[in-house]
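Next come two complexes, and both contain chain A; in the first it sits with chain B, in the second with chain C.
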Partner chain A sequence: MPAHPKGPARVRVRTILLFMAPWLLSLIVFWYGPIFYTVILSFMKYRLIGGGHFIGFHNYKETFTDPFFWNGLSNTFIFTAMFIPANFAAGLMTAWLLSSEIPAKGLFRSIIYVPAVLPMIAILVLGKFLFYPNGLVNSFLALLRIPGPFWLSNPHLIKPTSVLLMIWQCGTAMVIYLGALKAVPGHYYEAAEIDGLNRLGQFMKITIPLISPTIFFRAIMDLIFGLMIFIPGLVLPEGNVPGGPGNASRYYALHLYEKAFQRFNLGEASTLATILIIISFLITFLIMKTSERFVHYEV
Partner chain B sequence: MRSESMNLNTRNKQITLLFTVIVSLIFLSPFIYLISTALKSVDQLLRQPRALFPLPLHPENFLTVIRQYPIQVYFKNTILVVIGSIIGNVAVSTLSGYALSRLVFKGREFLFTITLATMFMPIFLLVIPRFMIFQKLGVIGTLWPLILPSAFGSPFCIFLIRQYLRSIPMELSEAAKMDGCSELVIYSRIIMPLAKPVIATVVIFTTQWRWNDFIEPLIYLPSQKLYTITMGLYTVLGTSAEEINIHLVMSFLIIAILPILFVFLVAQKQFVEGTTSSGLKG
Partner chain C sequence: MKRLLLIVLTVMMISVGLFANGGSEKTDSDSPVTITYWHLWGGSRTELIDQLISRYTELHPNVIIEPTFTPPNELQKKVVQAAGTGTLPDVVQIHTGWYSSLMPETTLTNLDEYLKGDNIVIEDILVAAEAERCYFNGSVYSLPNVNAGAQGLFFYNKDLMLKAGLDPVADAPSDWESFMEVSRTLVEKLNDDELNVIAWDPYQMAGQPATIIFSYGAGFPTVSDDGKTSRFNDPGILATAKAFEEYVDTVYGRFGGYKALLEWNSRVAGADTGAAQVQAFINEGQAFYVSGSWTIGQVKSGNSDMDFGIIPVPGFNGPHGGTAKNGWSYAISNNSEQKQAAYDFLKFITIDPAGNGAFCIAQGRPCPISSVNNDPAYSAMGDMWTNLVASMNTDIVPTAPDINQDALKPWLRDVPNRRIAGESIEDIYASIHAQYQDYLDDLYN
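Right, the complex of A and B next:
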């Protein structure tokens, strides 16, 4: 080796490049490059046709004085604030049911998991008809003699309806929680039983702390999903008015999409994207900082 | 004492089972409604909106949908995207997954970290610059914008492959190296044949992502002759008087999800194991 100090190393680098080059290229061209380019574009006046030039903070001033920006931000925050706990509850509850000793577990698991592997657009199209004034949901409510509301044309109900449809896809969370629940060593429960802890006590004092890293991971994934929410605002409103009714489902990302690909204002759309990147990063960072207090990394 | 606790246990089990059945029914009922509606005629929809499967059934709705909408075109486009993505993704993700697990070099952990970090980058924040790149490349108006990014590797698949390859003993590679094999030969002749299970998982996940993708087709595809199946479904919703043609929309929906449903039934194990491993710390 010392005889050829450079020889083997050079071969190494070539081998590594041989294996890594396509992915390195992708990292630059499709992932990190676009993020940096978005930030640069946010300081430019840029139209799809005709190119662009730098205009300083003009786009940011425009954005912050645009009522649609604040409307979209609040819609997205409200959706996310409902979605994260709802998906957590649905995912963990179904996982908990399926982790107990019941017959036909595999069948139940498949039934609950199936919606999660289907396209979101299919879930939303089917869901739209479920929540139509005379759809399945209102028919069921009629059986109970409850007058069904107008889910898709009431500005107060469109976001909760979207959340309900999105947690129909809680199967992904369920499968992940199921894995986490199985990883909890059985002797913890045995010890707790000797100490006289009931099932609810065991769940709160043993299960939740031990799976807290998974809960934390899911919360961040759901946060990112929630902040990017977009398709329900396009598909669900009655009469196919994107963002309706009354702008109640004009989410931030839908506003961004319209700015970029319907009004072709790529500069301002990039400003919106940059602000969303900063918001996502800040919230994730905040959660990570505070998580040290309640997430237990042991095992 | 003992029989008392056993009774309690059986009762707990029964309550759990009851809850599971109720939850499953809630999850399942929209699909029953879906099939029921797809098999009704306009007349039955108006007169018997709450009947589950009124006779006669109307399976010819599916034929009407196939005749009325260019479903073959949508399927062809989707399959092209799926196949192109699979070929590229398997090649690129196994190559880099191999390097990140079985080649020792400086900066490997850093590369792995920045690879994992992209899992937290939502596609939606990348589409504007990507659109501009595709415009520069002159591929807007083709299916390439849907194929290229996924054919150049996926962070999640690289993660899965790395975890899997780490469990294969290094002695195997070392013995082959003694015999004078290059890394490329070790990769292709020894390690890849052993990695078949994880490659199957990668193929299945790529199929699901590409089949289900809606945001990227919505942004990159300018004309109906390029539409994938999810865009087709969206178009049906937007253009037909959906409330009147609800049976046709539902038939279309069934046709659109049937292939992915089939993949799920065949490969449920891979779906569950792949998803589970994404939730555990590597």
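Right, the complex of A and C next:
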């Protein structure tokens, strides 16, 4: 195609642009516009009332010397580091089990998928009742004569409990893995069986490499989900203590939310948002760059 | 000529029309006016607000009031956001502790001229401390809705005391030592191996956190006079925390201390919200409760059979109230297009005995309007009212400027969780100090 299309080609380009215009426009107005404005605000002392003025890198200096910034960041990284493998394992295991020939697998698929369509807040409120000191989980443990811990008021347990509740929604991952598993050609397994490879060997040497692009996609999605984690820190802690106990669930996004909407310090909140964008971009970029080593797009 | 006359007449008519409608803020008393109004009175108080509005609209049939309820813990966010975007309603409920962050000169109507026009001197009408909190930088920007002073009242269940072999009058605690002793006896007598009835939980989310009330009572405010510096690193505040530790050990040590209280909260109170904890007192699962005058109505409507009393807080240096300089008020948006009508309604719901006076009496809580507090309806409350007034005495403890309970409550509520996890009380209070200072810096600097 020439550099400047003429005639019918030009009309075609115009038509394409015309059809794309609503999406492009909303992308610029509702996505890139706010991101750009957030970056600008991050260099300003800005209050909801009374406007603001430029203060250079002051907000960044304040943020990097704020212990609650580092606390939020480390909580978020720890949560993400636990969530990605847990959701991967739960999603893939259920998909693998339900891709094999078991009775009533349609019913099981539905049962596992249903929580994925529930709002996260509903799952967390329900989970809160399950994990109360006298909740269902501890009552069950008591039957086994195991003393139940304080899941929601122990700084060491609040994040694993949040992860446990979040992987209730592994149904989305399951559906995607199920699709990937179905796409693996059956003759690879037949050949492996002839070669005497057992089920685990087949899974590790055939299934995993062949579905690695899907695993990679899910990992990126779970990474973004993990970095944005917010609601469990707000809802789950015992005593209605946002970020508790002992700031153990004060995730980065919760810290950002409180800066913006409880303290009305929009300048520093924008700085936090900008830093999060940069962190997400850097990690994703790093993973993409190194993904060639473990993601196999062709057999 | 005819044409010229027609043009002149038309111009005159248009001019008259324009000036009649837009030249003055004063509204015609017969022209219909709709006033938007945000308040925080939910639950049983919603009915009282409806009655308040009905009384006003009976007197002013041309006025339509459009109320919107917002829970107290969400109101500040909503009001500040609306103030920032110029979308406040005509009449809005605010907490005077928010003045600094609300920038009243920009967002609220200065009421000085309106009051002057009506020859109203608020100091002649209101309780002194209530009049004082209306001002920001020397001007009045809001008028008080309910009394801010009586935050620290000690509620006690007389039936449970009798059941524990205690005399509800003679054994009612008057200082910290007697409080601890009465609590210990009560818990011992009313429980076997499992903790079913508690005396008091120092880290409950009642009105103001107990740390603030007891520290103020001992002369240690948790925030500086200008409201910008946390005092949680003060040894006096830490002394309060240590006294609470001793209380939990003495009263609940046999059951497991904080762990037992946490488990009780889950099992008996049913949940971990402030509302559930009031409910525990109402349901007689808890004998003592430190809260504000608003709790009287809640307890009476929740359990009309319960025999309870109110006394000043049994503090470290003897009985005291728990006063706060700031409290709930109403203001008019600076963007209101009907300020005069909004002002008339504002007067009714703040300084008018027929309006706000009736609203306070119906709840059995003290009123910012001095004359209303002499109403015979209050004296019918007997000792309860006498003790309430004693607790309201603002001279006993320092006033508390700009305390933001919503920020502090969760951090203090978290203390038992952190203690159970093994953190020292010194470290916990040091971290609350850092967190509170960070909060105040964000809000004011």
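In the analysis below, the second predicted complex is superposed on the first by the 278 of 299 C-alpha atoms of A that agree within 3 Å, B and C clash if a C-alpha of one lies under 4 Å from a C-alpha of the other, contacts with A are read in each partner's own complex, and residues count from 1 in each chain.
The definition used in the following text is that a residue touches a chain if its C-beta (ideal position, glycine included) is under 8 Å from a C-beta of that chain, and two chains touch if they have at least 3 such contacts.
For clarity, every value in this text was computed on a predicted model and none was experimentally measured.
Asks: With the two complexes superposed on chain A, say which partner A:Thr271 touches: chain B (first), chain C (second), both, or neither.
Replies: neither
Asks: Which partner, chain B or chain C, touches the larger number of chain A residues?
Replies: With both complexes superposed on chain A, more residues of chain A are touched by B.
Asks: Quick check on the superposed pair: does A:Ser249 touch chain B, chain C, both, or neither? Answer first, second, both or neither.
Replies: After superposing on A, A:Ser249 lies clear of both chain B and chain C.
Asks: Just to be sure I read the superposition right, which of the two partners does A:Ser162 touch: chain B = first, chain C = second, or both, or neither?
Replies: neither
Asks: Once the structures are superposed on A, label A:Leu18 by its partner contacts, choosing first (chain B), second (chain C), both or neither.
Replies: First partner only.
Asks: Please indicate which partner A:Asn75 is in contact with in the superposed arrangement: first for chain B, second for chain C, both, or neither.
Replies: In the superposed model, A:Asn75 contacts neither chain B nor chain C.
Asks: Just to be sure I read the superposition right, which of the two partners does A:Thr63 touch: chain B = first, chain C = second, or both, or neither?
Replies: The answer is neither, since A:Thr63 touches no partner chain.
Asks: Applying the document's definition of touch, where does A:Phe217 land relative to chain B and chain C: first, second, both, or neither?
Replies: In the superposition, A:Phe217 contacts chain B only.
Asks: Applying the touch criterion given at the start, work out whether A:Gln202 contacts chain B, chain C, both or neither, answering first, second, both or neither.
Replies: After superposition on chain A, A:Gln202 lies in contact with neither partner.
Asks: Touch test for A:Thr94: chain B only (first), chain C only (second), both, or neither?
Replies: first
Asks: Which positions of chain A sit in both the chain B and the chain C interface?
Replies: In chain A, positions 132, 134, 240, 261 sit in both the chain B and chain C interfaces.
Asks: Within their complex, state which residues of chain A touch chain B.
Replies: It comes out as residues 12, 15-16, 18-20, 22-23, 25-27, 29-35, 37-38, 41, 93-94, 97-98, 100-103, 108-115, 117-122, 125-130, 132, 134, 136, 139, 168, 172, 175-180, 183, 199, 213-214, 217-218, 220, 224-225, 227-228, 230-231, 235, 240, 253, 256-257, 260-261, 266, 269-270, 273, 276-277, 280, 284.
Asks: Could you pull out which chain A residues touch chain C in their complex?
Replies: 47-50, 66-68, 132-135, 150, 153-156, 237-247, 259, 261-265, 268
Asks: Once bound in the complex, which stretches of chain B touch chain A?
Replies: Touch residues, chain B against chain A: 12-13, 16-17, 19-21, 23-24, 27-31, 33-34, 37, 49-50, 91-93, 95-96, 98-99, 103, 105, 111, 114-115, 118, 120-122, 124-133, 148-149, 152-153, 158, 182-184, 187, 208, 211-215, 219, 230, 233-234, 237-238, 242-243, 246, 249-250, 253, 256-257, 260-261, 264, 268, 271-272, 275-281.
Asks: For the complex, which residues does chain C have touching chain A?
Replies: Against chain A, chain C makes touches at 77, 80-81, 83-85, 101-103, 106-107, 205, 259, 262-263, 265-267, 272-274, 406-407, 410-411, 413-414, 416-418, 420-421, 423, 428, 431, 434-435, 438-439, 442-443.
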